[in-house]
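One chain, chain A, links the two complexes that follow: it is found with chain B in the first and with chain C in the second.
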Partner chain A sequence: MRAGPSQEEIRRHNLGALLRHVHLGGPTSRAELTSRMGLNRSTIMALTADLTAAGLVREELPRETGRAGRPSLVVRPESARVYVFAFDVGVDRLVAARVGLGGAILDRRETVRRRGPFSLEEIVGPLAGFARQMRRKTRPDTVCVGAAAAFSGGVNRGNGVVRFGPNMGPAEDVPFAEEMTRRLAFGMPVKVGNDANLAALAEHSRGVGVGCRDLIYLHGDVGVGGGIIVNGQLLGGHAGFGGEIGHMVVNPKGRLCGCGSLGCLEAEVGERTLLEAAGRVPGAVSVATGPGAVPVAAGPGAVSIAAGSGADGHETPRSGADGRRERLIGRDAVRAVVDAADRGDIVAQAALSRVGDWLGLGVANLVNVFNPEMVIFGGMLREVYLGSAAQVRSRLAVDALSASREGLRLRTSALGDDATLMGAAELAFAPVLADPLEALARAGS
Partner chain B sequence: MRAGPSQEEIRRHNLGALLRHVHLGGPTSRAELTSRMGLNRSTIMALTADLTAAGLVREELPRETGRAGRPSLVVRPESARVYVFAFDVGVDRLVAARVGLGGAILDRRETVRRRGPFSLEEIVGPLAGFARQMRRKTRPDTVCVGAAAAFSGGVNRGNGVVRFGPNMGPAEDVPFAEEMTRRLAFGMPVKVGNDANLAALAEHSRGVGVGCRDLIYLHGDVGVGGGIIVNGQLLGGHAGFGGEIGHMVVNPKGRLCGCGSLGCLEAEVGERTLLEAAGRVPGAVSVATGPGAVPVAAGPGAVSIAAGSGADGHETPRSGADGRRERLIGRDAVRAVVDAADRGDIVAQAALSRVGDWLGLGVANLVNVFNPEMVIFGGMLREVYLGSAAQVRSRLAVDALSASREGLRLRTSALGDDATLMGAAELAFAPVLADPLEALARAGS
Partner chain C sequence: MTPVLELRGIDKSFGPVQVLHDVDFSVHPGEVTALVGDNGAGKSTLVKCIGGIHAVDSGEYFFDGKTVQINSPRDAAELGIEIVYQDLALCDNLDIVQNMFLGREHRRGIVLDEDTMEEMAARTLESLSVRTVKSIRQHVSSLSGGQRQTVAIAKAVLWNSKVVILDEPTAALGVAQTAQVLELVRRLADQGLAVVLISHNMNDVFAVSDRIAALYLGRMAAQVRTSDVTHAQVVELITSGRSGDLGLTNGVSA
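Up next is the complex of A and B:
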């Protein structure tokens, strides 16, 4: 019930809207911007001139034009000049990247991590180091306009405090955003969001969900998370913890979840459950190499499946030296189950069928509650869905209301393993897209 | 990514914002409006003058002022002059009301209905008749600015087609909004929304949820529905079917739901389940009086608990003539179970405990997915919650993530049985609050 915006606010809004067009849509002609934004040509010219003067876009002749007459100038984001730092803190890996306006990854560093409890320093140290390495390599005329991280755990939107979940270590509140900001010392705050939430945002902005106003993104890592777009906006909830669909109870007499409940979606469709059902996590056998192997889950039958890695090391799938079935972990292990099922392995088929059944029930619940246009399977749930689509669909047919599933599309992530990282980049770009000149002034100061 | 609004759009927005202030907040001084809307005094004066000239508000001296000096004029909605028609189509009753700007019910008609399948005419006929009766009694200077209905069933937002649910008759798409519009012939379209969705809107606008940007409203009638407010907006979903939380499966090996699934929240916490568990629906005994008694649920052990009523009749709770336990239906029956539990009836206590357990699990799932600030229990779930709050809270403590339930408030509906009707009124008022002068011009034409 606030009053309407002033002329100056409108101009800022329009500058941001134009920049967002070229950031998400790529190089766009002035004529197209005029028609898409519903503004007249002289306004588009003025806005483009302002953004050009600020070094955020440049105008050039289109590479090729099939038409006669003077071609409309194309407005192109200054991708090599204007960038953000994006970070991804997963259970298995740490990634840092420099992402240019327009979404191109300009530079990237990654380290595979051992699974299990870890200290804040073990995350912040490598990420800050990567960022400084990448920054040293930039040209003097470049400008960093933001930094943000995708974090595998609960994130308090207000203060950037993250809550370690059961897959990261003991539940604990950690001032991640504050510490990253201090360690980077780039003169700008590092924002942080839940990884699945940010992946949803990325798929919505530049992935398979472009144009959908209502979508649900399910993310499988070691745990299961989600990001939900409602009427074009990410569902954050009261404090930013919204979207924890992995802890929706689907089977109240089911498996013990790391959160302490029985039968959470995560407990029924997570990586560990699938691998166990497929007979690929033999009881109490560790495949860890080197020190640092730790139990992944509590409760009876806990199994160590951690693999050690150095700060720059890359873990590789390995075959058991004793000739038994490969004991892969993570995405590779899930892929191996799907491949085995494709080749006719009935144990793998049964495992996928069981997991697909619970996955379908969880999706049906979400479809009834949200009536989304699209459900996207990402992370390791991409593989699970591809291996159990028939089961998922058959559950949906039973448990989702016909009205709510009419027109529903089931899709897999378009951005793949980079969805979380690209979501962090979008979070980092948000201020410059909301108010380009103001954000640039802050970045330059 | 549209361009910003024009000056004229800003003025319309501000007129609507001011009108919404006095519609929801009641009589408000110019000084308060100036501070709340963040506009200067002369703008508020000009807006008020426009709304006064249109007959939507009037200015007057406050009744009493404790301060010295010239008191600020109070802006008051023209409640007796500007009104909407609001309708409520429930499983048990049909209600029509004339609701004035500001939310006062000026006139009201209600009929109790038999439960069970019915034709479109059996709904539209009585409601249109009521509306015409009420309209004939209005003064010539009054103006009707809208009409809307709350409907117990799925509603397609695009075309106002309603989908009868299992509690209303066989699943069928019915052009309710179109038929109501035709029969009323008031020269304006009748809008329609799902009853629980609209009740959520009403609680958010002028009930217990005022000021909450993220809330979940659970509505118990014969079935269980819901309305969800995300970031201040009603969650509609892709086609308007969002919020069907009654068909979230919480117990996959549970009771058969009218929708065909097993263990939906509705099947585990609905009126029929509670009454059965409390031993208050003896097998296959009908308490219907007169013709028209029909089975309420399919499947083995189906029981007739319908009660007949005339078009204007009121059903009254009755004691069994044979001296057995009272066989009430609907809200009264649920209240009787809660009262019995309070008096120490262990069967009633066990029934409430069981239902409260499932209700708590359902709420925990929603809390994990939405991280709401408030959960509101309405309709017959108000009584169920009051009788099982300890059970609900204990389930939440186990199954909701600690981060998501921090600061969560559990509340009962403030608007009670009128929540759905008041939600319909808000839907009907929406156009005049969005663009007052334009809506008034359309109404007067």
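Up next is the complex of A and C:
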């Protein structure tokens, strides 16, 4: 029989726990850490001293306390010094970011990904380029402690091989993690996870789901991904392919899904279905405007500009000629449908209502199986849920068991479009939070 | 859980016209209560009674379980009830901080305490995760519709309010801004406030509410949990005052 954990193991655990507190909770006073971690004051002091010496945190006097007595020092993560690289591979976009300890995005680069046949090079090339650019701009005293990517497809947990990605071109059996590691050549492995799984973890640790033990996150890209957290743990399944909510069959006589089945949730509520039902099929225009991916690439480009020009941008997609509006794909197209429905377009209303109905059915099934505390709608499903909540919740009221839906909260993602990226960052930070000093030593060598 | 605000048997007439008949209405902390009803059902009158603008003819008014007398908007504000009207009542020629403290400015001696006000305003916006505003010293005239709504809501929250009533906050907003305002409404309740949302948009109602109170011709047809009803039922309650075993029978609450 093994004796209890050694002094050294306990210390390592506590260092990690303290670092996790300030990483997720932001600057925290020593007094607060003492009560939250249930440790002795002098222990907290010693742990903070170790982390400060390693350059992971720093201590500062608080600005004001409003209370009598000597103020307790505030422990802050060294966000500007300790960072990771996070990547997000979505159907329409590639994002690379440098994320500091504490979750601050220090630098980010984004480009449009063309829809079309899958090409590993067209994904890895730009991402590795972005990472090198960002690394060149860092100061010499900074340290990179990890790198990870979120991928819109099924990822094998063991080796980071993408097994399937029906909306990515499609992608099958792609050694994505290996190739990223090789091309980045930063001397550390790039971890890879399913985008919706990682986003679920991010929402759980620093988003709308903080404090929830059981939650389900649904991510709408072109298809629908999911992450299921049960009792605080991500449900990965045997090989890490768990949580593919989008491929839950809800309508066996329904539409053909990219995965080959009929009537998957993704096939009934995905972007293509919504746009088709709303009479806004992008394909029709790509024929009219000529070859290949040109209009497709222009679509999401317009998205980022419209989104960047501020929240008032809702007029933008409609301002062009009708032909232009037809050309939209991705988030912008979905938003245009919701907007049209809001302004009384009955075709758009019917499309949203139909999609909302299927979405509600899918969520009702999940609620009956998992009895979650919260269901989170992220990606383009945020807009779809807000635009069809009446249908979604009507379905739930009818089809979910009343005991299972009691206390259920339906929420939209708090991290928004960055949920998947932040999920990748959390994956990259995992080693340094598990064993701070060891991970830092490895990164520095 | 006891309601933070509860009305029982409210009657209100304007001359010969009785606008509210024996209305019961309760609002719980941490929840969004949607107040729905057709035009002329009495939503605005009910809200004005809650806010102390109209005196009720009869009925009881409980706050935190205790019966209270509300004779003026000031009484309601002192209890922590804030109403954000559709027109928002913001001053275009003032900046965000000045608007948030309008009429209730902090003073240090005889001068205004700008630093404290600025910090409180910034902290409130921060606590609501409002990141769309560039500077809190920006004039309100330069803000978009959604940002104005956000400032008006933040102004209501600033005063340690317990109940915030929002009259059609998403009317006239585009999709992106509607989403932001709805998420803000939800966040207010998740932080423990009691929120009343008046809306005609059923998707907005279902997206954020925990309870729905439906008024029909001045009577409370039903107050139900949103998770227990369907869209069709709520529409029936609004248009005919009843739906199955929910609602009014012969014009009287069941």
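Here is the rule we go by: the second predicted complex is superposed on the first by the 395 of 445 C-alpha atoms of A that agree within 3 Å, B and C clash if a C-alpha of one lies under 4 Å from a C-alpha of the other, contacts with A are read in each partner's own complex, and residues count from 1 in each chain.
Heads up, the rule we're going with is that contacts are C-beta pairs under 8 Å (C-beta built on N, C-alpha and C of every residue); 3 or more make two chains touch, one makes a residue touch a chain.
Here the structure is a predicted model, which is why all the values come from computation and not from measurement.
*Asks:* Just chain B (first), just chain C (second), both, or neither: which does A:Glu406 touch?
*Replies:* both
*Asks:* Of chain B and chain C, which one touches more of chain A's residues?
*Replies:* Larger number of chain A residues touched: B.
*Asks:* State whether A:Ala389 touches chain B only (first), chain C only (second), both chains, or neither.
*Replies:* A:Ala389 sits against chain C, while chain B stays out of touch.
*Asks:* Once the structures are superposed on A, label A:Val398 by its partner contacts, choosing first (chain B), second (chain C), both or neither.
*Replies:* The answer is both, since A:Val398 touches chain B and chain C.
*Asks:* Using the touch definition from the top, say if A:Ala185 reaches chain B (first), chain C (second), both or neither.
*Replies:* Neither partner.
*Asks:* Name the residues of chain A shared by its contacts with chain B and its contacts with chain C.
*Replies:* 398, 402, 406, 408
*Asks:* So in the complex, the part of chain A that touches chain C is made up of which residues?
*Replies:* 307, 310-315, 335, 338-339, 342, 382-383, 385-394, 396-398, 402, 405-406, 408, 410-412, 414
*Asks:* Using the touch definition from the top, list the residues of chain B that touch chain A in their complex.
*Replies:* Result: residues 1-5, 9-11, 13-14, 17, 20-21, 36-39, 43, 154, 156, 163, 171, 213-214, 226, 228, 230-231, 233, 235-245, 247-253, 259-261, 361, 364-366, 368-373, 398-399, 401-404, 406-408 of chain B touch chain A.
*Asks:* Quick one: in the complex, what on chain C touches chain A?
*Replies:* Of all residues in chain C, those touching chain A are 129, 132, 144, 146-147, 174-180, 182-183, 186, 201-208, 226-232.
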